[in-house]
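Both of the next two complexes hold subunit A, though its partner changes from subunit B to subunit C.
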Partner chain A sequence: MAFLELVEVTKSYGGKKSAVENVNVAIESGEFFVLVGPSGCGKSTILRLIAGLEPLTSGYVLIDGQVANDWPPHARRLSMVFQNYALYPHLTVEQNMRIVLQAQKVPKEEQVKRCMEAAELLGLTDVLQRKPRELSGGQRQRVALGRAIVAQTPLCLMDEPLSNLDAKLRAKMRSELRRLQRQLGMTVIYVTHDQTEAMTMADRMMILHDGRPQQIGSPLDVYNSPDNTFVASFIGTPPMNLAEAHVLEHSLLLQNERPIRLMGRSLPKAERVTVGLRPEHIDRAESGEEHVTAQVSHIEWLGNETLVTFELAKNLYWTARWNGQWRIRLGEVVPLAFDEQALLFFDERGKRIGAPSIKREEVRVRQ
Partner chain B sequence: MNERVSPVFPPAPWSVRTKRAARQAAMKSWLEGMVYLFPSLLLFGVFLFYPLGRTMYLSVFHTDYQGQPTEFAGLAHFVALLQDDSFWHSLKATILFAALTVPTTVAVSFGLALLVHETRKGIGIFRTIFASTMGMSVGVASVIWMFMYNPAIGIINRLLSAIGGVPVSWLLDQDTALYAVAAATIWMNIGLTFLLLLAGLQNIDPSLYESARIAGMSYWRQLWTVTVPLLSPTLFFVTTVSLIQALQTFGQIDFLTKGGPVEATNVFVYAIYREAFVNYQFGSASAQAIVLFLIIALVTFLQFRFAERKVHYQ
Partner chain C sequence: MRAARATAHYVLLCLCSVVILFPVAYALLMSLMDGAAILSGRLWPENWTLVNYEAAFQQAPLGRYLWNSFFVAFMITLGRLIVSSLAAFAFVFLRFPGRDRWFYICIATMLVPWEATVIPNFLTIQALGWTNHYVGLIVPFWAMAFGIFLLRQQFKQIPHELYEAAQLSGIGNFRFFCRVVLPLSKTSLVTLAVYSFLDAWNMYLWPLLVTNDDRVRTVQIGLKQLQTQEIASSWGVVMAAAVIAMLPTLLLLFAGQKQLRKGLMQGAIQ
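Up next, the complex of A and B:
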């Protein structure tokens, strides 16, 4: 049985479009589940609906198989880490962690014990008596985490917990957070707009756009088989190269001007499609190999790899990702080979041809 | 091409820079600062520093009817004050007045601010209504209350007699006058205090309350552990300002009771006013003003020294 289920969850604030529409997902115990999407896509709203901070417009939230729609936040046995950490500025680190336990009437020795354990785990032992304003950003973030840990709730909701940290610390905290979550066996629902965080941390993730779920799956599934062009362009840096194309007999015509001959790849039946290809699937053609030529319009040397952008057709720029450092000049014309097995085709509405439709997860609502 | 050009600068000529040059630079920076400060120094000087100095000066002189000093009096005025029953009575009335108005004003405003803040609906209407007394001058407000307190036609006595009570001459009775003026003052001061506290409440990060709700804190616990500590800078500010205001009350006394009956409402500033402009004892009035200045300075100092410890600035 799934630990937390959302069934046809919809939230509308009275406007024409709902903030969240028809979200169906079942989250397993111990899972690290990421909600990812651009800002304003409704991911934080979903988190607040799960926490019970806002009422649902329709649908069900099930916790341990029971409908929890009307449960107040504290009855849902969860903890939440806020983006701004929501630490009480007038309380010390220790008091900030213990206040949760005081509200739940945990005995005092137990409070101190849990607090010490969490502090040890997070390396906060030396700063227990300090106020939040005397801490660094990273330490504050840990205190917020500590508050979730001492509560010992089975479910922890995290709303962009790393986005106020600098890039280096964020990268470090990503793995640390994941390690902690595994160690404590917590179920985490994690909201982020950062697809790198989603890719690196998630067991499974849900990509959201305009309040509508686009795809649910493991990071690699989503990366390799995006269900639609939004997911294709949202996940991965640099994003997947996309282009409108006419389907001809043995070739594709990109933007009415650039033909690409395909040797062994079967083509979809549609007349017009959107073609997608990840940057790592564009290579330099060896002599004699089937190739297209294109002019270099932009180069980024990252040290271990080089990102080269070509103008394939008018206003159609595709980026290739090559390992190592390449001596290449702007304006140079380069022969390119596309890995045609890696090509993805999307229909006119942006849906990947051959992708399964988002199926409603099997849910039984017991009321 | 292999010639390396390293940027070697000659050592800074510290020796050249004499003490005199340093002093000149400091002087220049001081002058520059003074130019920026000049407008406010001028205003403060004309309206604050000069009157304060003049008051101190007058407090040690006997004066004529025009307020011109005639004869050096030393500390005679201060000694006379301390031996004057009416001075002590006035001090008592002022303290009682402050004790009646300050806590009530802050408590009622806090309650109203909480109500408006938590009842999101119609916040604009209620905010305007509760803050409206702020836009009313002391004169207008006093006239309104004067009518309400009128023994014959006032609404308060009418309501009282409607429920079978005995009419009271609110402002003319020694025992009720100070309370009546205090009630009117609370009403007048609620507007600004309410608005400041509401602004303070709206400044508190809502995620702190959400976090408290998830933890399962009750409403009163949230009020005590989140709202009050985070509002404490504003609470401290409005208490300090209200207290200073209460110690300086003048307008409503002049309109409603003129310090009477039998000095029951003869608060400090009103006593000073009477001494100076009714009795033409400018020297003695100045001495009294200096005493009030010292009292307010002391009270404010004590507040900062002790109450501010309980204030949590973010």
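Up next, the complex of A and C:
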């Protein structure tokens, strides 16, 4: 049985469009589950619905198999790390952690013990008597985590906890957070708009767009087989190359002007499709190989790899990712080979041809 | 140019301060003169004397009045802080239907001149049998729209996530109010306290209406009594009493001026 389940969860604020619509997911104990999507996609709303900070419009939130729709926030036994950390500014680090335990009537020795443990785990021992404003951003972030840890709740919700840190610290905290979560066996639901964070941290993730879930799966599944064009372009940097195409016999016609011959790939039956190809599946063609030529319109040298953008057709730019440092010039015409087995096809509504429809996970309501 | 402007400003400010401070200074000087000097219209006492102060304490139970004023002002201040902060907490943190509308209605009462409510208030107090009691002087001033407004603006600055975090960890409303909201709003609470104390201390019409007994009368009424007791008022005595009555206000103002200004400005420049 899943630890936390959302069943047809919908939230609307009175307007015509729902902020969150028909979310179904079951989260297992000990899982690191990421909700990812562009801003305004409803991911924070889902978190607040789980926390009980907002009432549901319809659907069920199940905790341990029990309907928890009407439970007040503290009865749900979860902790939350807020984007702005929500530390009490007039209390010291220690008091910030202990106020939670005082409210739960934990005995005093136990409070001190848990605080010391959490502080040690997070490297906060030296700053326990300081106030939040005397701490660095990273330390504040840790205090917010510490508050979640001392509460020893089985579920922790995190709302973009790393977004206020600088890039370097963020990368460091990503792995640290994951290590901590494994060590403590916490179940975490983590909200982010950053697909890199989602890819690197998640056991499973849900991609959201306009309040609707687009796909649920492990990061690599989602990367390799995106269910639709939104997921395809949202996950991965640089994003997947997409183009509208006509399906002809043994070839594709991109945007009515650029034909691509396919040798060994069976084509979908549809007449018009959107094709997708990840940048790492575009190579420089060797002599004698089947190829298309295109003009280089932009180059980014990242040191270990080179991102080269080509103009395939009018206003159709595709990017290739090549290992190493390539000496090419702007405007140069380069022969390209596409890995045709990696081509993905999407139908006119953007759904991947051959993708399974989102599975409704089996739900058992125990009331 | 700039220097000239600054000088002009200072000259103007000095003139204004003279105008404003003159009555206070003159009252102080008069209280230190004997009767003859006052009647001859002197500005500066020839013989410094404290007889007026002795007389003031003898002619009226000034000590009692001062205590009454202090007690009443203190209780009004305390009550206002409690009522206003609780009301403001509800308006900011609790969810109930028509919350904002109720708040605007509450604010709208600031438009009703206080004098218009004197009669109904008096009738209520009388019906309750609270005339000539401290409660009659204190309780009607506990609810105050301005206090609620001031504290609401302050509480709104507290990030809502703090409240949500508290809810999640089972910190109840009252504990959150005491442990988080009040400590974070010290400046505004002090401002409101100073303002309320001064307001209550200088209250005149209401104590005059609901008291006629020396045991509960406040010092402002006592002053008026001193003035009218004799046909030819001895101004020195009246001034001495006035200076004594003024002293707590002035001390509070000097001590709390910075806080007061900070607090009153807070809502204005957001």
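In this section, the second predicted complex is superposed on the first by the 367 of 367 C-alpha atoms of A that agree within 3 Å, B and C clash if a C-alpha of one lies under 4 Å from a C-alpha of the other, contacts with A are read in each partner's own complex, and residues count from 1 in each chain.
By definition in this document, a contact is a pair of C-beta atoms (placed from the backbone, for glycine too) under 8 Å apart; a residue touches a chain by one contact, two chains touch by 3 or more.
This is a predicted model, so every value here is computed, not measured.
Overlap between subunit B and subunit C is detected when the two structures are superposed via subunit A. In the superposition on chain A, A:133 contacts subunit B only, with no contact to subunit C. In the superposition on chain A, A:262 makes contact with neither subunit B nor subunit C. Using the contact criterion defined above for the overlaid structures, shared-chain residue A:73 touches subunit B and also reaches subunit C. Of the two partner chains, neither subunit B nor subunit C is touched by A:26.
Residues 51, 53, 72-74, 78-80, 82, 84, 86, 88-90, 99-100, 103-104, 147, 151 of subunit A touch subunit B in one complex and subunit C in the other. Across the interface of their complex, subunit B is touched by residues 51, 53, 72-75, 78-80, 82-84, 86, 88-90, 99-100, 103-104, 133, 147, 151 of subunit A.
Subunit B makes touch with subunit A in their complex at residues 205, 207-208, 210-218, 221, 225-226, 229-230, 232, 312, 314. The touching residues of subunit A, counted against subunit C in their complex, run 51, 53, 72-74, 78-80, 82, 84, 86, 88-90, 99-100, 103-104, 147, 151. Those residues of subunit C that touch subunit A in the shared complex are 159, 161-162, 164-172, 175, 179-180, 183-184.
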